[in-house]
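Worksheet: the structure to be examined is printed underneath.
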Amino acid sequence: MTREELTAKILDAKRKKGLSWKQIAEAVGPGSPILYTAALLGQMTLTKEEAGKLAKFLELDESEVALLAEPPYRGSLPAVPPTDPLIYRFHELVQTYGTTWKALIEEEFGDGIMSAIDFDMEISREQNPKGDRVRITMSGKFLPYKRY
Amino acid sequence: MTREELTAKILDAKRKKGLSWKQIAEAVGPGSPILYTAALLGQMTLTKEEAGKLAKFLELDESEVALLAEPPYRGSLPAVPPTDPLIYRFHELVQTYGTTWKALIEEEFGDGIMSAIDFDMEISREQNPKGDRVRITMSGKFLPYKRY
Amino acid sequence: MTREELTAKILDAKRKKGLSWKQIAEAVGPGSPILYTAALLGQMTLTKEEAGKLAKFLELDESEVALLAEPPYRGSLPAVPPTDPLIYRFHELVQTYGTTWKALIEEEFGDGIMSAIDFDMEISREQNPKGDRVRITMSGKFLPYKRY
Amino acid sequence: MTREELTAKILDAKRKKGLSWKQIAEAVGPGSPILYTAALLGQMTLTKEEAGKLAKFLELDESEVALLAEPPYRGSLPAVPPTDPLIYRFHELVQTYGTTWKALIEEEFGDGIMSAIDFDMEISREQNPKGDRVRITMSGKFLPYKRY
Amino acid sequence: MTREELTAKILDAKRKKGLSWKQIAEAVGPGSPILYTAALLGQMTLTKEEAGKLAKFLELDESEVALLAEPPYRGSLPAVPPTDPLIYRFHELVQTYGTTWKALIEEEFGDGIMSAIDFDMEISREQNPKGDRVRITMSGKFLPYKRY
Amino acid sequence: MTREELTAKILDAKRKKGLSWKQIAEAVGPGSPILYTAALLGQMTLTKEEAGKLAKFLELDESEVALLAEPPYRGSLPAVPPTDPLIYRFHELVQTYGTTWKALIEEEFGDGIMSAIDFDMEISREQNPKGDRVRITMSGKFLPYKRY
Amino acid sequence: MTREELTAKILDAKRKKGLSWKQIAEAVGPGSPILYTAALLGQMTLTKEEAGKLAKFLELDESEVALLAEPPYRGSLPAVPPTDPLIYRFHELVQTYGTTWKALIEEEFGDGIMSAIDFDMEISREQNPKGDRVRITMSGKFLPYKRY
Amino acid sequence: MTREELTAKILDAKRKKGLSWKQIAEAVGPGSPILYTAALLGQMTLTKEEAGKLAKFLELDESEVALLAEPPYRGSLPAVPPTDPLIYRFHELVQTYGTTWKALIEEEFGDGIMSAIDFDMEISREQNPKGDRVRITMSGKFLPYKRY
Amino acid sequence: MTREELTAKILDAKRKKGLSWKQIAEAVGPGSPILYTAALLGQMTLTKEEAGKLAKFLELDESEVALLAEPPYRGSLPAVPPTDPLIYRFHELVQTYGTTWKALIEEEFGDGIMSAIDFDMEISREQNPKGDRVRITMSGKFLPYKRY
Amino acid sequence: MTREELTAKILDAKRKKGLSWKQIAEAVGPGSPILYTAALLGQMTLTKEEAGKLAKFLELDESEVALLAEPPYRGSLPAVPPTDPLIYRFHELVQTYGTTWKALIEEEFGDGIMSAIDFDMEISREQNPKGDRVRITMSGKFLPYKRY
């Protein structure tokens, strides 16, 4: 079984049971629902314990539990740039603001990068009379180019 | 004169005068330094007033002021995926979390997108004993697919 | 079951029953036949009610109804540019007139975009002695780049 | 002189004289402002008479007039998919609705295409209390696959 | 059943029965063998009558008859440029002579294109003592860019 | 001087002198105007004698004459697939009919190709009350795969 | 059955029987082992007689014999440039020496090409105390650009 | 000065002096004319002595001599696959015979590659009454995958 | 059975038995665990003896043993650049330091390459109070461009 | 002045003065010659002090000193995969061993990556009677995926 097949199986089970990502996340553990959702979509790992809870909830077998605990070959997009409009807007932000992020982060922190590994993120709803807004907060460790 | 030539001229002037983006932004107006930096890098527009102030500060001529007030052909990356590591990390976030963002935003808001046009952003330093962190907060209006 | 498999199943059923898109649209609801066709081709969502009516008409099961109500991963083209001549002509219009649309919309509305989300469209036949014409009317909300 | 250089020269002249596309179109002739703008952006041809009027208005020489009357090598986008958000939204419409257009046009007209050559288009502002809308009307001759 | 699967089935039947394209074309109708071959390879449509004759000849079912009468998603090449040498030579002709065709057709006819839809073609053997030659005659309606 | 620069110079001279390709071809020699046009567009070679006649007609120097007699690095399209509609239609023919040409040529001639080198071509106008047609006749030597 | 499936079946049979390409070639006929190997890998055709001998040797059925005698859709590489190091080195030779081959062949033969169709090749081992060498000899008919 | 500019200068000098590659090679030294031609086209290095002789012959300065002795950034093709027909035929050979070469070299030598670095090549004319042939002989050291 | 299917089967067996790569490598033989892991992932060959030991350990059949001893079609990445962050970092090193490696290796060794075939590698953990480090040591034979 | 122009200027100065990278590195400071070479090739930053020393050595002006201290837009390869054989071999290592590195690093360290930012490297000559070897030692901090 490949990780893609497992993701498809999980999506089928979620649909059949009428579950939301939030409900699944609550069943899996107290951790970040973003991380859990990413793991179920084949991009992050669960601990064996979390995978075990999921297995009970969605009727997965032992081998599938083991697969969920293995680091996956990451990359969730079938094509680049992404064709899906919701995801494309993030690609557009990188296209439009990429050099600006580079300029301002380097001015503030020096030569280096924002880590996408030692990284945390939150998504929330921002109430707004003109139309609610999606609020995403990212926090990544700054890693300077080291000299040895 | 193309917008790319104007950006190159602005970068040269910034280097020769030893200015930071923050100093230039303060000279241009009270608006967002991210927006001003993006405009100077050829991705956003300045108002005529802002462009005028910049012109005095960096010795630009009238035609260059007019160019800064025109909507540019956006797209700041010489190649996709971006080869620069700082910018690539953002591309990697889209690759790793794109489908997760889609899943969670649609669960919360319904079928639609987060606007990259009616959009706001902040970048700041997050003090941390294990190494300071880059904090980016994005807020985009949710746009539902409308039916007519 | 993936959305692509569901689309294939719907196309098979349509062919076996000898139905037109118009007939299917009428069975699904009073909404836009364009939107319904797009949904059946895996690009838009149906409401649960609409999906339920379709299910009866085309003998789909409950899980397939749920899938039709989920936002799909959009993108209907197997390759870009599209190889099919009918669809390529639209790609050609973007190639030929893209910069013209940008110039004229920005001159009329300012810096921003025409939304492809808050968007409506009609297709009709235009009688013409020299050969009938396809008439497509698009209407999308203008979204200005906002400043915060 | 290449057509690209001529387009750049026209854009510079337009900026220096503070002209709008509408003003230029009025100077060129009674034809469609969309067609005139496309021609000035290097995608369509002007008649010699129109090119002559433009030449007086923007101070072009005879050889430039001749160039404006030559069919250009069409294709206005520096990359596909286009990185500019305004133009990308049209690309997105082709991605999302391409197969739908194909299905509905073929159902109505039979096997064939909508011509992008025997083609006409209008752009206008649609007043709307929730935010004005961009209205684009396209009309292209239907061309059936002929049998000989 | 997809059109690709139907094409594969037709190729299998042709091989098992030891038929030539010419024999199949004669069974299908009095029309162009090129058009019939293209239809069987998934690029053109047959009339219901033609498809019916083919069905008897190759033992296809009703649903397959219906599929042959539907406009296919055209595009017969697994990759561009084509890797097959016979087909690549045509690609090479477009590469080498494309701009020449453009120059000479526009000089003779004005700004416009040769239609690939209102189009006819013949292939024949040209006897030649130095080695027989393939003769291809194409005839496409000239479509001028129209102004409205 | 590169061949591209020479082509640009020839196009400029042609425009300034108001010449047609036909007139230039007549000045160059009695050979095929298609071949001459292709040579001037940087895709074919002229004999020294032909290049010499052209040089007098268009005021080229000796080194440019030598360049016109050198085999060029062929390939006339800035991008594949070509964005120009006139040239794209030929690409579309390869896309739609490529596998059909392969099937029918191989059925008639056996395993091999139609040469694009030992190749001849004519373009002419076909008078037609429904609209004149472009007629292109190609003739290429059939080259069988040889066994040694 | 596609040609790819047949190739896979032949590779399986070869492995199970522990055969070498040389042994298979000897069973097929007196022709070039390179040509036979290429045919079994789906790139060349066998005569019916050769295919018949192979069928007995590897237990293929009649339809598979017919398939081996059909000209295949050529192109043996899953990606370009090829990722396999042995094959990539040949790609590298084209990259490094392509323009040199062009310069020297044209200087010796005039404007034209070396045929890849009327073409022969041998591969052999060259004994060498510093390490044996692979020797490849290619011989292709020179085809001059003809004028008509 | 870049290596590309030096190559262009050498090509101009060669054309103005009416020299052949053979004449230049003889002036440079007793080595392989293929290697010398490749070096002048920017793909190989000359020794300082050879570069010095060339410099006298073609009037190059000291800095250009130094550049000819530096290993260049190799890669002679403006696009892959190459658009020039002469060079494309070699690409086609890799496409058609790549997997065959792999199969036969590995059968004879074991797992490894033919070196494109410890490599030698000759090009010659093969007289043939049916049309002369290009003969290319390649010899590359076999390098087995080593185990440590 | 293809090599990809065999790799999938090995990964499944490894997961079900809860084995590490190290444990498998120890069962296969005394050679390099990197080489063994690469072989099991479809990129290197095992000797028949090693493949035999593996077969007992993981319950593979004779045909699978033979497949493991065949040189595979190498290339382990589903896309280039790789989307997986761990592997991408190595791609980034090539992007950032490629020209530096070229400059320094050529300065030290002359014109040539570091072999990726006569090549050895070790991976180890480097204890470090600020966070352990991955240490990779590569050693490849220098191969100079030879002259003949 | 762009960074690419500065790199070209530095390469010209290095060639004219007959300097090696080692000599330049010694003039710049006591740091890693790899880092200094990478900086001069436009991929790393120098401190102002180092850039100042370089300026004296190679006669650069103040503005060029400032440019060398700015983080560059990284990415040293004109195309991916790289066409230069020396650099391609590293790309080949990523292609062949990428999934192996992933498997073994994750087995040893858990889910995470080897940093290409907090990274160090050495290149040296390994004496060997069968031919000297290039030895490259890389050491990058392991960064685990963190959970917050």
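Think of it as A, B, C, D, E, F, G, H, I and J in the order they're written, each chain with its own count starting at 1.
The definition used in the following text is that a residue touches a chain if its C-beta (ideal position, glycine included) is under 8 Å from a C-beta of that chain, and two chains touch if they have at least 3 such contacts.
In UniProt terms the chains read A, B, C, D, E, F, G, H, I, J = Cyanate hydratase.
Remember, it's a predicted structure, so these values are computed and weren't measured experimentally.
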Using the touch rule from the top, work out which pair, E-F or A-C, shares more C-beta pairs. E-F
Intercentroid distance (Cα basis), subunit G (Cyanate hydratase) paired with subunit C (Cyanate hydratase), Å: 47
Distance from the CA centroid of subunit C (Cyanate hydratase) to that of subunit H (Cyanate hydratase), rounded to the nearest Å? 53
Listed in rising order, subunit G (Cyanate hydratase) residues that touch 2 or more other chains are 44, 71, 73-75, 77, 81-86, 92, 95-96, 99, 102, 106, 112-113, 115-117, 119, 139, 143
Touching pairs - complete list by chain label: A-B, A-C, A-D, A-I, A-J, B-C, B-D, B-I, B-J, C-D, C-E, C-F, D-E, D-F, E-F, E-G, E-H, F-G, F-H, G-H, G-I, G-J, H-I, H-J, I-J
Quick check: in the complex, which residue numbers of subunit H (Cyanate hydratase) touch subunit G (Cyanate hydratase)? 20-22, 33-34, 37-38, 41, 43, 74-77, 80-82, 84-87, 89-109, 112-116, 119, 121, 123, 125-126, 128, 130-143
Residues on subunit F (Cyanate hydratase) engaged by subunit H (Cyanate hydratase) in the complex (per definition of touch): 1-2, 63, 66-67, 70-71, 73-75, 77, 116-117
Interfacial residue positions of subunit C (Cyanate hydratase) with respect to subunit B (Cyanate hydratase) in the complex: 31-32, 35, 44-45, 71, 73, 99, 102, 106, 111-113, 115, 117-120, 139, 143-148
List the residues on subunit B (Cyanate hydratase) that touch subunit I (Cyanate hydratase) in their complex, please. 81, 83, 85, 88, 92, 95-96
Complex contact set, residues of subunit A (Cyanate hydratase) against subunit C (Cyanate hydratase): 8, 12, 15-16, 18, 78-79, 82-86
